[in-house]
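Take a look at the structures below.
Below, chain A partners chain B and then partners chain C, in two separate complexes.
On to the complex of A and B.
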């Protein structure tokens, strides 16, 4: 049997297809992308090495500044809000018996739907003349908010709306992960804490929370990467507008790369995105220390 | 719950059996409110999709006066959603089948074969989970243009397939590691070769895992917008999410048709979800719990 499982030829047959695909479609392009980011490369001409000029240009690019700010806002907002709301929903749902599955399935439902489609729906609801504002007008509100067209403030209203829509759509995923972890905690631990006189809140704080910490790290890194990759909702809700104020890294990359065909420049944005993803994942896994307890 | 047991629950006699505390009532009220925010927008989209464009501007929240199916027929034919649905289906099924075969083969190699690089190979595939697809778009785009793959369905199947591999390999490795050793030993004694062990024994036993990962990747690819938008500009090759954005014009948008298109785009996933919601949950947690 050992001979069978050490068979190099068979191993190659098993591993090579995945390995070749992965290398050709993922890793070589990544390396190429990093190289392009140091090149002057505009669509139809061959890439010419120009050093860090693209990155210098990024620093003076106003839209890139906005995109970076929005992406980081989005990252922090989704990590924090998904943690709090997801944990809250999970705690509520594990405390009820009747209808738990129904509520769980309803809250998770938008996660499987197309963000492109839902983005169009929210675009309508929050557009300045339609949707909610038609209702507000009927109720006699004099100056209804402009929603997705508003540009006042440091973090503008459209970004908040998009962030909340994203929370609405994806909180089910965090909730589901936390629920799975909470239901894995043995009942006797909970009972022991009740016997020792803990309230429900205290049990949650001192028993549940420490035990689901590993899952917090996992769910948070999933959220973080997801929020940095975020494209569909924003593209269909605002297309980065009004006046580039809701641009994020992904939409800026798309616009620079595939509207203006500045491949080199867009690659530099891609590299920034990649580095952010790696840093954030490492950071979360360092900060949320995963102590392993017996469950 | 039958009416009889419901009555029994509500009568005071059963009160000492189970008390409903005010907090529980509060939780239920809150959850019902939350559920409304989830269900209502979707029902509303469904509702508006039967209205005429004029009605949307005058009374968007009322029920439609005369139900019209014109929006659907327009979106399906003139809006080319029919073609787009077919394209989406082809792309997703191809990516799904290929990623299942290739992914589970690699997973078997990692989980069961005896070689030194297994851990390293796993790490190699798992880093794929952290890499956003945006970073590889430009090199892939130029490469595919040279290979005449841009504007073909193959051109998006390849990235979809590749980006589905990490999760497939991850979940299936867990599955194959869980199979008892005796099983493989036994097959060995009977004279099975390694491919028979994989295709005839391990793969059939891992079908729950396959099903779950299949669902996850199918839904993910079905909803994917960016790659499809970049690689496909030909109208007849567009997938559903891309075809949707065509309904929003820069100057005039026909909202009623847009809503019909939204319904067409989300109905398949809703159906799949209703049928397999528990499996999807399994897949999600299996993918997240690091082994």
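On to the complex of A and C.
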């Protein structure tokens, strides 16, 4: 292995495919997008450089404000809820012996299903005349809530619903990550803590939690990036409506790019999204301080 | 060890080869599955493929106009068997322009595509996506078959025609005659009578009006009528000689709020299709919609035709009229075939169908059987006859697509209570100052 690693030609040959792929599908488009974000670009004619005008326009774009607020809401909600619920399930399932695999599969199942299909399914469940409301009407509720149509409040009801659906869909992923890390903790550590008189809760607090901190940072980063670029569930459940009130950065970008041909402006939104992802990832890695322990 | 290396090399080569196979293109796929054993009518002896993009699923739809388009394509494919073959690219209306724009941006513009006249058509004319059609229209007297040159007004840019209208529709109020009768409501002729009729319908436990604010242009269409009633002049607003803050829009918004008290509870999120279904499923008494809805109403619930009346939006002299138009891509490889396809949509067979089955007003001089046409078309023609003129959809009569969308969103904001009428007027004025006036 060492011999192979010293062979620079071999290293270059092995790295080249990945490097070409990375450059073609990631690096060049990112650079292009950053350039277009400084241009008036409609897609049909050559881009015209306009400096930071697109970024200035973002500041006065009300829908961008709503989208940014909603994206940040998603970010916070996803990070917190997936950490708590994911850890809870992971701790629970690593401690039960009967039905562990069955529960693990049930919780993880929504992760492998198409978000578009799930979005449509939940849209029907929360539709005014079908799903939950049909049941509520049968039970005598005269005016059941308009789950995906309400527009009152700072964070409107449809946003909470979409956030819960997202939690339901992706909590399995966080749970699996935490379970993998918890499974790697040596049993002798746990047994030693029990001998020292620790309860299960204390063992979790003082042994498990510190040891899975690196995974918490990783899972939170993944959740944060995933929630910032969130698109499919929202697009299929509300299409950003009513009246843009459930718009997030990704749906706003899509609308500006593909509905109004404003590729330059859409690229500026994309750049903001990219920068936000970088900031949040750095922030999480800074806040969740990890130390390496022997497990 | 050596054997293993050889095996590994073979496996790697096989993996790499299969990857490349996945990326390879099939040279035979350009005919889109159609027969290539044509009779030599095309340039290369192969069937020439034409793509046609439309905003309804032709296989799933119950809309009679869409079904008529499907028939036209089948007729074209039969008549030009071995020479041309049309493949429809369909999507729902809400997604239509997003998908069309994605195709245009990818350099894969459909050969023929449907578009609304106004700024949306401008979006394709200005960058040269749509081709001028004058040469084809002037050939073989095609243009003379149309009722008048005026049908091309909204499709003409710098004296050149860039789209061919297929039919005309007028925005009217459709109403359930049975519900009106039971509620003791009269067909309204002015705004006060409209409010009175809605009140009576509500008192009789009917939902007076079904509308979609989820599909913003539906609500905006009503707002457009209310603005017209208040005397809003869009051309003066565009050049800056009038202001949105002159009180007219505010007054129109107040009327919209008055009317919204009679909307169905789910209006905020209902789509156009859902709002229309509320009407033909007899869950609401009035539907304010374009006469293209006739095809949808009669296609989905044929029994409802006898109960469906039509009246002009009260308090206005003119009516909103619009046409579906077909554009030809400037990059099409088969301009002759694409033009021939567009012509099929305006021939006598298609135009007769438009009136007799679809309930839309034909754009050509075709003679159709009035007795065979839906009853609602007769009522719409009466409304047309008594109107003092027509005007376009408000969102399609503004300087850009985005301005129209902003108007739609502002009207929805007023309806949802997110904006007061005066704020809406201020917002529109600021938007015009920033984006529409030079």
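The definition used in the following text is that the second predicted complex is superposed on the first by the 282 of 295 C-alpha atoms of A that agree within 3 Å, B and C clash if a C-alpha of one lies under 4 Å from a C-alpha of the other, contacts with A are read in each partner's own complex, and residues count from 1 in each chain.
Assume a residue touches a chain if its C-beta (ideal position, glycine included) is under 8 Å from a C-beta of that chain, and two chains touch if they have at least 3 such contacts.
For clarity, every value in this text was computed on a predicted model and none was experimentally measured.
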item	value
First, second, both or neither for A:115, with chain B first and chain C second	first
Contacts of A:263 with chain B and chain C, given as first, second, both or neither	both
Contacts of A:143 with chain B and chain C, given as first, second, both or neither	second
First, second, both or neither for A:11, with chain B first and chain C second	first
Greater chain A contact set [chain C / chain B]	B
Partner chain(s) touched by A:50 [first = chain B, second = chain C, both, neither]	neither
Partner chain in contact with A:192 - chain B first, chain C second, else both or neither	neither
Touched partner set for A:279, first chain B, second chain C, both or neither	neither
Touching partner for A:30 - first (chain B), second (chain C), both, neither	first
Chain B versus chain C as contact partner of A:151, first or second or both or neither	second
Shared contact residues on chain A - chain B and chain C	254, 258, 263
Residues on chain A engaged by chain C in the complex (per definition of touch)	42-45, 60, 128-129, 143, 146, 148-149, 151, 238-239, 241-244, 254-255, 258-263
Chain B contact footprint on chain A (complex, rising order)	1-2, 4-8, 10-11, 13-15, 17-19, 21-22, 25-26, 28-30, 32-33, 36, 89, 92-93, 95-96, 99, 103-110, 112-118, 120-121, 123-125, 130-131, 134-135, 168, 173, 176-177, 180, 214-215, 218-219, 222, 225, 228-229, 231-232, 235-236, 249-250, 253-254, 257-258, 263, 266-267, 270-271, 273-274, 277-278, 281
Chain C residues touching chain A - in the complex, by the definition given at the top	94, 97-99, 101-102, 104-105, 123, 127-129, 213-214, 216, 265-266, 268-270, 401-402, 405, 409, 412-413, 416-418, 434
Touching residues (chain side chain B, partner chain A) in the complex	24, 27-28, 30-31, 34-35, 37-39, 41-42, 45, 56-57, 60-61, 102-103, 105-106, 108-110, 112-115, 121, 124-125, 128-143, 158-159, 161-163, 165, 169, 184-185, 188, 193-195, 197-198, 219, 222-223, 225-226, 229-230, 240-242, 244-245, 247-248, 255, 258-259, 261-262, 265-266, 269-270, 272-273, 277, 280-281, 284-285, 288-290
